[in-house]
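In what follows, a single structure is set out as structure tokens and then discussed.
Just so it is clear, A, B, C and D label the chains in written order, and each chain counts residues from 1 on its own.
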Amino acid sequence: MYNLNILLLVPILTLAGIMFVKDARNARVVAAIGMSVQLVLVFVLLYMYLAERNAGNMEEVLFYQDITWYESLKISYTIGVDGIAVGLIVLTGIVIFAGVFASWLMKDLVKEFFFWLILLATGVFGFFISLDLFIMFVFFELAVIPMYLLIGIWGTGPKEYSAMKLTLMLMGASAILLVGILGIYFNSAPDGGAMTFNIIEISKVNIPIAAQRFFFPMVFIGFGVISALFPFHTWSPDGHASAPTAVSMLHAGVLMKLGGYGVLKVAIYLLPEAAGEMATFFLIFVAIGVIYGALSAVMQRDLKYINAYSSVSHVGLILFGLLMLTKTALDGAVLQMISHGLITALFFALIGMIYGRTHTRMVNEMRGLMKVMPFLSVAYVIAGLASLGLPGLSGFVAELAIFVGAFSHPEPFYRVITVIAVSSIVVAAVYILRVVAKMLMEGVKDESYNDLTDARWHEKLSVISLLLFIAAIGLAPLWLSDMIMSSLEPIIMRLN
Amino acid sequence: MSAFAITFYMGSALMLIFAIMSVTSRKLLRAAIYLLFVLIGVAVFYLVSDYMFLAAVQIVVYMGGIVVLIIFSILLTSHLGEKLQVVKPVTFVIAALVSLIGAGIALSVISAHTFNPVAADGPETTVAVIGTQLLSYGKYGYVLPFEVISILLLAAMVAAIAIAKREKKPES
Amino acid sequence: MENYQYTIWILILPFAAFLFTGILSGKLKPSLTATISIGAIGIATALSYLAAIQYFFLNASESYTAVEAASFTWYRLSDTLVIDMGILIDPISVMMLVVISTVSFMVHIYSTGYMKGDDGYARYFTFLSLFSFAMLGLVLATNLIQIYVFWELVGLSSYLLIGHYYQKPSAVAAAKKAFIVTRFADLGFLIGILMLSYYTGTFSFSDITNPDGPLITQTIGGTFLGLSTLTWAMILVFMGGAGKSAMFPFHIWLPDAMEGPTPISALIHAATMVVAGVYLVARMFTVYSLAAPEALEVIAFIGAFTSLFAALIAITQTDIKKILAYSTISQIGYMMMALGVSGYSGEAGLGFTASMFHLFTHAFFKALLFLGAGSIIHAVHSNEMKDMGGLRKHLPATHITFLIATLAISGIPPFSGFFSKDEILAAAYASNKLYFAVEYLVAGLTAFYMFRLYFNVFWGKKRTYENIHESPASMTIPLWILAFGAAFAGFLPFSHLVTTDGIPFDTHFHLTIAIASVAIALTGIFIAAALYRKESTRSQKIAATLGVFYTVTKEKFYVDEIYLFITKKIIFNLISKSIAWFDRHIVDGFMNLTGNTTVAASFRIRKFQSGNIHQYALVFLTGVLIATLVYLYYYPK
Amino acid sequence: MIEDIPLSHILIVSTLIFFIGVYGFMTRKNMISMLISVELVLNAVNINFVAINRYLYPERLEGHFFTLFVIGIAAAEAAVAIAIFINLYRNIRSIDVDEVTEMKY
């Protein structure tokens, strides 16, 4: 039996360790050790989970624990994981591991930086293991708020503006979300009896349809904003552009997935009838976002902006898959969460490393990096290929499942909109290859670039750890998709 | 009309006049002195109401304490003969208007209300009685307000010292 | 049941070579990388031949049936929709195995000489292994998704290899263009797959192309613009094939792709990858033929049009690789057209057989032409015909092999091209006289432009070259081997091996058509000889008299410019830029406006908290008075 | 003695003093004179307390004690206020309310 609390305990111990180190430089060592341990634990979790499932344990969630925290409001510290959560926890473990090594050379306020970074990760881990809406919300906020400091203090460019914009928009969404969650809570006992925040409990009752109609948009938009739902995506380009490397990685890689996970586990799972009714409406916005993000990325010059818009497009595909409400599409959406998390984290890590050397992020100011830093360039190309959906890398399997699932929807309208969304992959090829061609290829433009060095050991570690999983998922997707698929069963049951 | 009544009305009229002068005088020191006269009037009122102790407190604390404090501070913060700045004329008008309306409302309420005075002799207001009641915790005992005000006074004292204390200039 | 288990190694070996040399890149010696790659593809070639012999000649039964040699579940999309990775052995896949492994093996060997001393020597061989793996996987695919997966992978290796000289801007641009154009076409392919899988609930070829399967026997889906949904799906699938096979209007990437090293042009852009589109159509031929004949008509039309179009452009080009590229486009158009006019089963399926036959022979002679061109370029360090002339003395081996290939492509008996082209013309003649006329004309044009190239390079004006020498043996040996194939591949009894339904049939030799086609080929050759054998100005004069026609053909009918206009001007500048602007100014502007309004409102509200005590007192007192009045009004007494 | 005077007359006087104080508070800029006005207001209230106590509830001493406390608080208030004034004057050489803007916003 696996105790999920350990996933919170290790980051908290790491936080304590960071606080107590004398030499600020050692904070990174503590963080690295802590997150390495966490990575191992995450894989132990994955192994234990699969072992339990293979042993025939078909509980909806495994490793369940329920500790009453606040009796009169029925808030309890309820934790447990299903296949979806395990997949995303693995993602988080990898990304934070890579993130710590990507910010190895951080110079200012090292201790504080790693403290907030690990705190953010703690929030994410807590979010994924919690099964109680209230606790989930608390962890959600815990993950969002350090972002303000991390961008505002360690960012670049107009960092205060970006941090403020990001925080305000996410907080605004949180406010809506909170109303939605409370709405679910107050309707969690339609036939009398005790109201509850427990997701598993709520999933057993049918919330009145009128309440569902009212609260579904709130929960969807509340979670959607952090997943860059059009037209509430504008925090994303500015926020990512200003954020330091590891924060961009974690934010685009993991935090944006909180939205998708929340939509799936709260909005769709708990409010299935309203999801069915309103999916078409939101699908229009999501499909616009997919194409719109891709087309916007084509015209950007700043690497981080390109990536941020590309994230809008790719994370849009997550919401797109989720709203299709078919099993295959949901499976694809979850895979896309994991896949995009890895790919975009890799992208931001590489951009940070390149920026650290050339001191510019403008595509047209760089040229011929392939010659001077082959490792980073090759990794960038692979990340790009994964992002444009090349088979053999993780992006393809996720997008394929989304498209096949979306296309198998009986409504013709859904198929038309799928065709529109599919065309984003061509645009993706355009903006990615444009960057590869302009930035990496051809001869070196600036003579001083010839003196630049390739990746150091910690950068290689960071990049390779991400690359490995992108390739692993792309080459052998079956175990992951089966794990997710079996956990989607209860949701599908609710939808029908 | 008894002589007392005549004295009372004339005294009241004087109080009002001094009150008006104290809020309109352009010379600060004079305003303080006019206030003093008003306070004396109030003390006399306490006296005729048979509240000897209160009258004494009024004289000691108000006139002996507060007014002296005010005068000191006036001397510390302004030059003699300096005329006070005035606010904008429109403020005068508004303030007068608001005051008059307020007074009108209050007076109309007072005139509309009939009071039924009770003609009974109250308890003696000797210092001993007051002291006992002040420290009693039975019925009509005021030990709680007494304690509260003690703490308030202490806090005020500390605050006053802390505020008025001259800060040491940092050595540059 | 025969055992084809070993065919799995045909895929594993090149992939292992790719992974091994790729991960250890920089650690291995370049020559070791090359050795590993060549070893892997060599064994794969041997296994391919083994499979071909076993399948075609050791087969006891009358007809050839498809065999799934291996299969494992790769990915599960739903309980019923499963994606396998497997190996499908049937006539066309075995035939393709032979073609791919042979040409690839030859190119590997050739490249050791051609690429010697290149900076990216090891990288080149690593990518070659990747390409071999992907291409072999493509032809062995058992289902649509598998073929799509490898489809993309060959696209990727093509991209990587075109961009081999990544320091050269034109190569980078060409690689990008190739990838994006084919990617756009693949979009159609993917949507076609989605549609097919939606209607059939499977990706597997054995289910989809089963003549008794539900897809073919039942009418499914509605109609759209007068064509059935299935037809649209098949047209979209063909769109993917057209992209890879550089059919009009997706042909624009192929000539640019000549920026890659010449052996790559031979392997990828002449013999194997570009015929993947033809292979795809052949793979799905049952569906096309039985259930979506309208789609087949589209294919025939586009094939015929492209072959003429490209042949016309080829006449005016001066870069030898570009001429060969347009020639390739034209020849693939041939194959497409042949598929398009073919019927199903028996002799009606001649077009199909002819198309496959031509694919087979074309792979040999076109690879040979490119490798020969590579040998020439290796010697004179230029792609332009004006820098060449009279090379037959300097490069004897190249000259002879090149001549064989040229004769083969022109359709002169007994070289291989003659037989396959003859069958195509016969199939066209039997089906549609207009297509026959077009293809007949194209046959003449082909002979003309090929001999124009040949004479210009090997005859024509005498020039002196600095230290020119014949290519090393590593390059000439593959030339001779391929020349052998180009010369004699035509004698294979193809209709006994590769047919639409696996049942062999006998072809009749169409003497009239054969004579006519040889006649027009010879005409083309004679005109070319007259114009270019000796140095003369006659050709320029003719060009001048043709005037605007000449210019338009030389400028490739301005297709590139049209594309550039659509992408740069309309999509990038008009749509993308305005969306980017819209995002920054309208959407984000709205968000900022919300923020700014809040700030402005707070500045306004702040006035109430002015710190002006008089105002406070006034407001307070007014409030008290109003409250009092209200109280008095409601509770008088 | 005092019984000859009707209660309402006393209340009228106190009301007038009260509003005179209010008027002064609103028209004065100098903080000390504002403090003077406040003292007037407080005294008006005190008169009310005492008068009502004396006339209506002579058997108790609530008004009396309230007045006592008010006086005490007034003393404390005046002490703190004047401490502030003096400190302000030291720092900005003025005790006009309009001049004290340092800690605004």
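As a convention for this text, a contact is a pair of C-beta atoms (placed from the backbone, for glycine too) under 8 Å apart; a residue touches a chain by one contact, two chains touch by 3 or more.
This is a predicted model, so every value here is computed, not measured.
In this assembly, B is the chain whose CA centroid lies farthest from the centroid of subunit A. Mean C-alpha positions place subunit A and subunit B at a centre distance of 69 Å.
Centre-to-centre separation between subunit B and subunit C, using Cα means, comes to 101 Å. Mean C-alpha position of subunit C lies 96 Å from that of subunit D.
The distance from the centre of subunit A to the centre of subunit D, each centre being the mean of the chain's C-alpha atoms, comes to 64 Å.
Across the assembly, subunit C contributes residues 614, 618, 621 that each touch 2 or more other chains.
For subunit D, the set of residues touching two or more other chains reads 22, 26-27.
Applying the touch definition to all chain combinations yields A-C, B-C, B-D, C-D. Interface residues of subunit A, counted against subunit C in their complex, comprise 165, 168-169, 230-235, 238, 292, 295-296, 298-300, 327-328, 331, 368, 370-371, 374, 385, 388-392, 396-397, 400-401, 403-405, 407-408, 415, 418-419, 422-423, 425-426, 429-430, 433-434, 436-437, 440-443, 476-478, 481-482, 485. Interface of subunit C with subunit A (complex): residues 26, 73-78, 81, 145, 148-150, 152-153, 156, 159, 163, 166-169, 172-173, 175-176, 179-180, 183-184, 187, 190-191, 194-195, 197-198, 572, 575-577, 579-580, 583, 587-588, 590-592, 595.
Taken together, the subunit B residues at the contact with subunit C in this complex read 87, 91, 94-95, 98, 101-102, 105, 109. Those residues of subunit D lying in contact with subunit C across their complex are 22, 25-27, 34, 97-98, 101, 104-105.
Contact residues of subunit B toward subunit D in the complex are 2, 4-5, 8-9, 12, 15-16, 19-20, 22-24, 28, 31-32, 35, 38-39, 42, 45-46, 48-51, 54, 57-58, 61-62, 65-66, 69-70, 72-74, 76-78, 84-87, 91-92, 94-96, 98-100, 102-103, 106-107, 110-111, 113, 115-123, 125, 130, 133-134, 140, 142, 145, 149, 152-153, 156-157, 159-161, 163-164, 166.
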